[in-house]
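The letters A, B, C, D and E name the chains in turn, as written, and every chain counts its residues from 1.
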Amino acid sequence: MENNTKLNIENLDLFYGTKQALKNINMNIKEKKVTALIGPSGCGKSTFLRSLNRMNDLIENVTIKGKIEVDGEDIYNSSDVIKLRTKVGMVFQKPNPFPMSIYDNVAYGPRTHGIRDKKTLDKIVEESLKGAAIWDEVKDRLKSSALGLSGGQQQRICIARAIAMKPEVILMDEPTSALDPISTLKVEELIEELKDDYTIVIVTHNMQQAARVSDDTAFFLNGEVIEFRDTKTMFTNPEDKRTEDYITGRFG
Amino acid sequence: MRKLKENILKSAVYLSAGFTVITLVVIVGYIFMQGISGINPTFLFSNYSASGDGGILPMIVTTIYTVLLSIAVATPIGILSAIYLQEYAKKGKLVTAIRFATESLAGIPSIIYGLFGGIFFVVTLGMKYSILSGSLTVAIIILPVIIRTTEEALKTVPQSYREASLALGSTKFQTLYKVILPSAIPGILSGIILSVGRVIGESAAILLTAGTVAQMPGTIFDSARTLTVHAYLLTKEKGDIQGAASIGVVLIILVLILNTIAKVVAKKLNKANY
Amino acid sequence: VGCGSGSSSNDGSKVTVSGSTSVGPAMESIAEKYQADNQGVTVEIQQVGSSAGIKNTIEGTSQIGMASRDLKDEEKNAGLKETEIALDGIALVTHKNNTVKDLTVDQIKGIYTGKITNWKDVGGKDAPIVVLSREDGSGTRDGFQEKVGFESEALTKEAQISDGSGNIKTTVEGNENAIGYISYGYVDDTVNMLKIGGVELTPENVKSNAYAIARPFILVNKEDSMTEQANKLIDFILSDEGQKIMEGKGFISIK
Amino acid sequence: MLAKSRVVNVSKRDNKNGNEGKYLAEKVAKNVFLISALIAVISLLLIIGFVFYKGLTPFLFKGYSFTEFLTGADWVPSADKFGISSMVAASILATIGALVIGVPVGILTAVFIAEVAPKRLAKIISPAVELLAGIPSVLYGVFGLAIIVPGIQNIFNLPKGQSLFAVIIVLAVMMLPTVISVSETAIRAVPQAYKEGSLALGASHIETIFKVVLPAAKSGILAAVVLGVGRALGETMAVILVAGNSPVMPSSLMDSVRPLTTNIALEMGYAFGTHQEMLFATGVVLFTFILILNIVLNKLSNKAVD
Amino acid sequence: MENNTKLNIENLDLFYGTKQALKNINMNIKEKKVTALIGPSGCGKSTFLRSLNRMNDLIENVTIKGKIEVDGEDIYNSSDVIKLRTKVGMVFQKPNPFPMSIYDNVAYGPRTHGIRDKKTLDKIVEESLKGAAIWDEVKDRLKSSALGLSGGQQQRICIARAIAMKPEVILMDEPTSALDPISTLKVEELIEELKDDYTIVIVTHNMQQAARVSDDTAFFLNGEVIEFRDTKTMFTNPEDKRTEDYITGRFG
């Protein structure tokens, strides 16, 4: 199973109205690896990430060309978005727990998928919270609102909420940018653990973070992928001058 | 199972929207069908006559007087109060009291305002049945509307504008009238338009304070009859549904025009901003 | 605010009248003519109901009150002068399709006190009677009850209360089972007007007392708030010309 | 206007004494704003004062019993009988009835406009709903009298159509625009992040709306309900035309009723002395209802925000 | 004039309600130098910056202890906030031009201070825009809305607006965090130039930026200043382990 392709992106173009935000992206994202997307603000990282679970469908006037395959199946040629999003979970930049109890947040996904049995739900919630390394902090107040938690805790609740669906891929859009250093460390440790079971794609503004957690890295600039290779090579020996400039901090 | 539930909810949404739209079409349609034939230049532009072949000009004029006067009284007070609540007041008993007062004012039925105006302005202050009494009464009715909408408009002005202005050494007041108010104008305006609609549509409170004299008013101290009161009396006394509907057509068109103006102005002002 | 008294604008050229909505329309016609004849004079007519008109006159808000009923004791004690200006027949109206065209006063009383509840009991088809009445305090209602001979308390609880002749008419027009009463001045061909004990409601029959349910229209005033123009207005109403206008509006001259 | 009094042409850096005028203007402005705000409070106090004074006179000075007034079954002013229990019941029933119909329809329509309808359609419906709000209530009454009342009479084959049911329908329709536009605003204010969070978990659009969006908007929706209740409880001119106005305790939806507001408007023109004061007393009861409602719902919506 | 103290902060404590956000801060900010404030999110950088021109006065429930002196004058002991803010200008993290024309934005400050003369205003506007290195880009459209500009241009307009008041100190709260790399570079160049005339205090999340533009750097952590020294020493040879960790990217 080593190094199997989980997501395959071919010649992907994306337009907001007439404005092209992604240009001819080609990428192979490997199963059970962490792939980091880096690049300056506005270069298209989030846009690309959101294409992978068709979140861009929500935005009007988006045109997409090219192909994205998950497990070899073209996601834009299938009409079952729900199935796709069940398989490809997402954690957003800003922690966005629902305004409900912690328990209900994590149980939300399973419930919409028809799981009603209290015992089963309890088990899923507990496992997911444990998986997101937050069980100990919240196990005594599962019924209290998720909005009362700190940013880092909220973000881990969101991760728990995502893994409660047992997805195969988890997309993370700058999951630590709103967090303090300690929470950041926890989330990073968590990513380490998660990659045993999940394929992870993570957007980050933080070079060090990319270096620390990812196996592969893609550098985006102005909607294009300038360089895409294994993280170690990328950070020690980048091929493209622009990549080097960016990594060494010549840009914002 | 999941599909079924989904479909039920979806149907409920569509049915409700359908119900609303049909209601709207039926009501407006009915008023137009009954009323459109009665509308002609004589009806719109000639003086009222007891013999029945006159027009509604005095009511149109009275309505305009009432709208202008009540807006002129309520708008400054309303806007200034909203500014106080939103920009100056710190949380405390006073603010709670003011908020509660405005919210309660908003919830009181207009018939109670009518009772109040009928004693306070008409008798106690000796203003008698007059456009003035009526306008002051409806001014109180629309006060909470203007306060609320202005507050909302002020809330939408980004805090960053305030900070930027203050950081340049401007006073709060300078900040207010140079930066905040201009940005809030579209919202404030829509509140005023909403109030105009409320004034135009009011009958109970006006009837008890402005009276029902069906003549061209000379001054604001005269009693007179607004369009809505006229429509009410036509229905009540004469059973003249068609006449009331004709006035309804006039009123609907008036409201439509006002809403459109409000939108256009708001958009224009917004354009100036962006 | 607080512009003292609005009456400051009243230099005697304005006559303020308020009260009964039954009298109102006729008074509007009178006023139109009077203003045309006396340039610079305005006659202001408020149609706010008999009691409010009387109250306004007592309080001085109006100079003249219009009433379609007799004064109550409380009101009489306030020192009001009464002037009868016309007679009005109160018409009983039913739906156009109703086959009943004639009722006796007793039958009417039976209907309004809830003893007769079906049209078949008064010669019509088998259908419930929907009784319409005016609101408590209305001059028309007072006059009607007095002539038919029952008190407000006896009015059937089932009665529908409509404020204003127009609403009674609209309701009767749309309901085959309904019966209501309105001032003669408001009757038109959208409804069917009943004979009472075989007597039709006509000005002659009211004058001759042959039509049973009629009442006077009166004006009330307090001497000290009267102006020259106000007095002249009352004189005008009582003149032949004034009475003719009243007749034109469907009321019955007192002459 | 006030700040024009500022000292002109103080150049920067060396304005050692230039700012006193500004601070003074600041103070004056603040007080002007405060006074304006107090006018709202004063108006409310005045209204309470006048209505209560008038309305409580019979009970305080004339020996009438307030309990009898509230619980009495008969309303025959000319026989000195003033009991409003049937009207209190009518007001409550009519308001509840209107809520039961108006609130769900209103909220679901708001959902339609804000979430489901294509933008173009929403752009037509939304102003149309505003128009509905702008139609004077008298016209709703006319419409009710001419269409709804005969409709009820014919459909249910009744002797007459004026009834609690007619009142409920008219009120439900009248509160729609308020409920719709306030809920719509609340729904639109729900952060996109909640929706995305739900959709990303594989929930469908409709599931997202009902499980996440509506609960998140509940404080705004509650406000819509508050305003709707206010409208239903306070509406007069439309109700008077379709209620039948018999002051009797309703025992079925098809009975004629006389809600509190109607009682005031119906007889105000004809009332005199104690009768008039009793109408004010009716106003006091109505007013108290609305204040209590306001307080309770305020508390509720504060809770919903937390 | 070299190395004169412009701002002197002594034993500064700041509380939001009961929560302490700044703990015993002591700092000397030198005239005509650039001082950078770095540190993880939530450590109190913005709070500190906003204390320097009393912007925290706008927030309810803020308690401040200790002393802040500008040119030797205790700012919290003087009632003339207007004068203080005229002297100590501020540029915010998010570009926040007023919804007015470019010209009116820059002329706003002078106008509120009573300058009405068209010629004088014209001169101030031109000088300030030149000073903010944006004159050439906007000189032909001074009357058009400032909101129609790009983020980077907007930020430079805000800088122009600040320097139009001829302040002595300019506070900048992450002025480039919302900008693209090119705009960032321009703003950084500008800061270089401005320091000839102004004392600048800048908050930044970007280590490289701090290293590039500042003379002194303060590292904040949990409301405390962990280390405060000249930038070069700080980045090459930090004294505190935590500073080192942060600078080398061990934190988010």
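As a working rule, contacts are C-beta pairs under 8 Å (C-beta built on N, C-alpha and C of every residue); 3 or more make two chains touch, one makes a residue touch a chain.
None of the values given here were measured: they were computed from a predicted structure.
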Number of hops, subunit C to subunit D, where each hop joins two touching chains: 1
Shared touching chains for subunit C and subunit E? B, D
Could you pull out the chain whose C-alpha mean position is farthest off from that of subunit B? A
Which two chains does the highest number of contacting C-beta pairs join? B-D
Averaged over CA atoms, how far is the centre of subunit A from the centre of subunit D? Could you give it in whole Å? 47
With chain centres taken as the means of their Cα atoms, state the distance from subunit B to subunit C in Å. 35
When centres are defined as mean Cα positions, the distance from subunit A to subunit B in whole Å is 50
Report the inter-centroid distance (CA atoms only) between subunit A and subunit C in whole Å. 81
Residues within subunit E bordering two or more other chains: 82-83, 86, 113, 165
Where subunit B touches two or more other chains simultaneously, the residues are 171, 174, 235, 241
Can you tell me which residues of subunit C touch two or more of the remaining chains? 21, 48, 163, 167, 170
List of subunit D residues in touch with subunit C within their complex: 74-79, 81, 145-146, 149-150, 153, 159-162, 240-241, 244-248, 256, 258, 265-273, 275-276
Over in the complex, which subunit B residues touch subunit D? Could you list them? 6, 9-10, 12-17, 19-21, 23-24, 26-28, 30-31, 34, 76-78, 80-81, 83-85, 87-89, 97-98, 100-116, 119-120, 140, 143-144, 147, 171-174, 176-177, 197, 200-204, 208, 228, 231-232, 235, 241, 244-245, 248, 251-252, 255-256, 258-259, 263
Per the touch rule, the subunit B residues reaching subunit E in their complex are 90-91, 158, 160-171, 174, 178-179, 182-183, 272-274
List the residues on subunit D that touch subunit B in their complex, please. 2-3, 22-23, 25-26, 29-30, 32-34, 36-41, 43-47, 50-51, 54, 104-109, 111-113, 116-117, 125, 127-143, 145-147, 173, 176, 180, 204, 206-207, 209-210, 226-227, 230, 233-237, 241, 261, 264-265, 268, 279-280, 283, 286-287, 290-291, 293-294, 298
Using the touch rule from the top, collect the residues of subunit E that touch subunit D in their complex. 79-80, 82-83, 86-87, 110, 113-116, 165-166
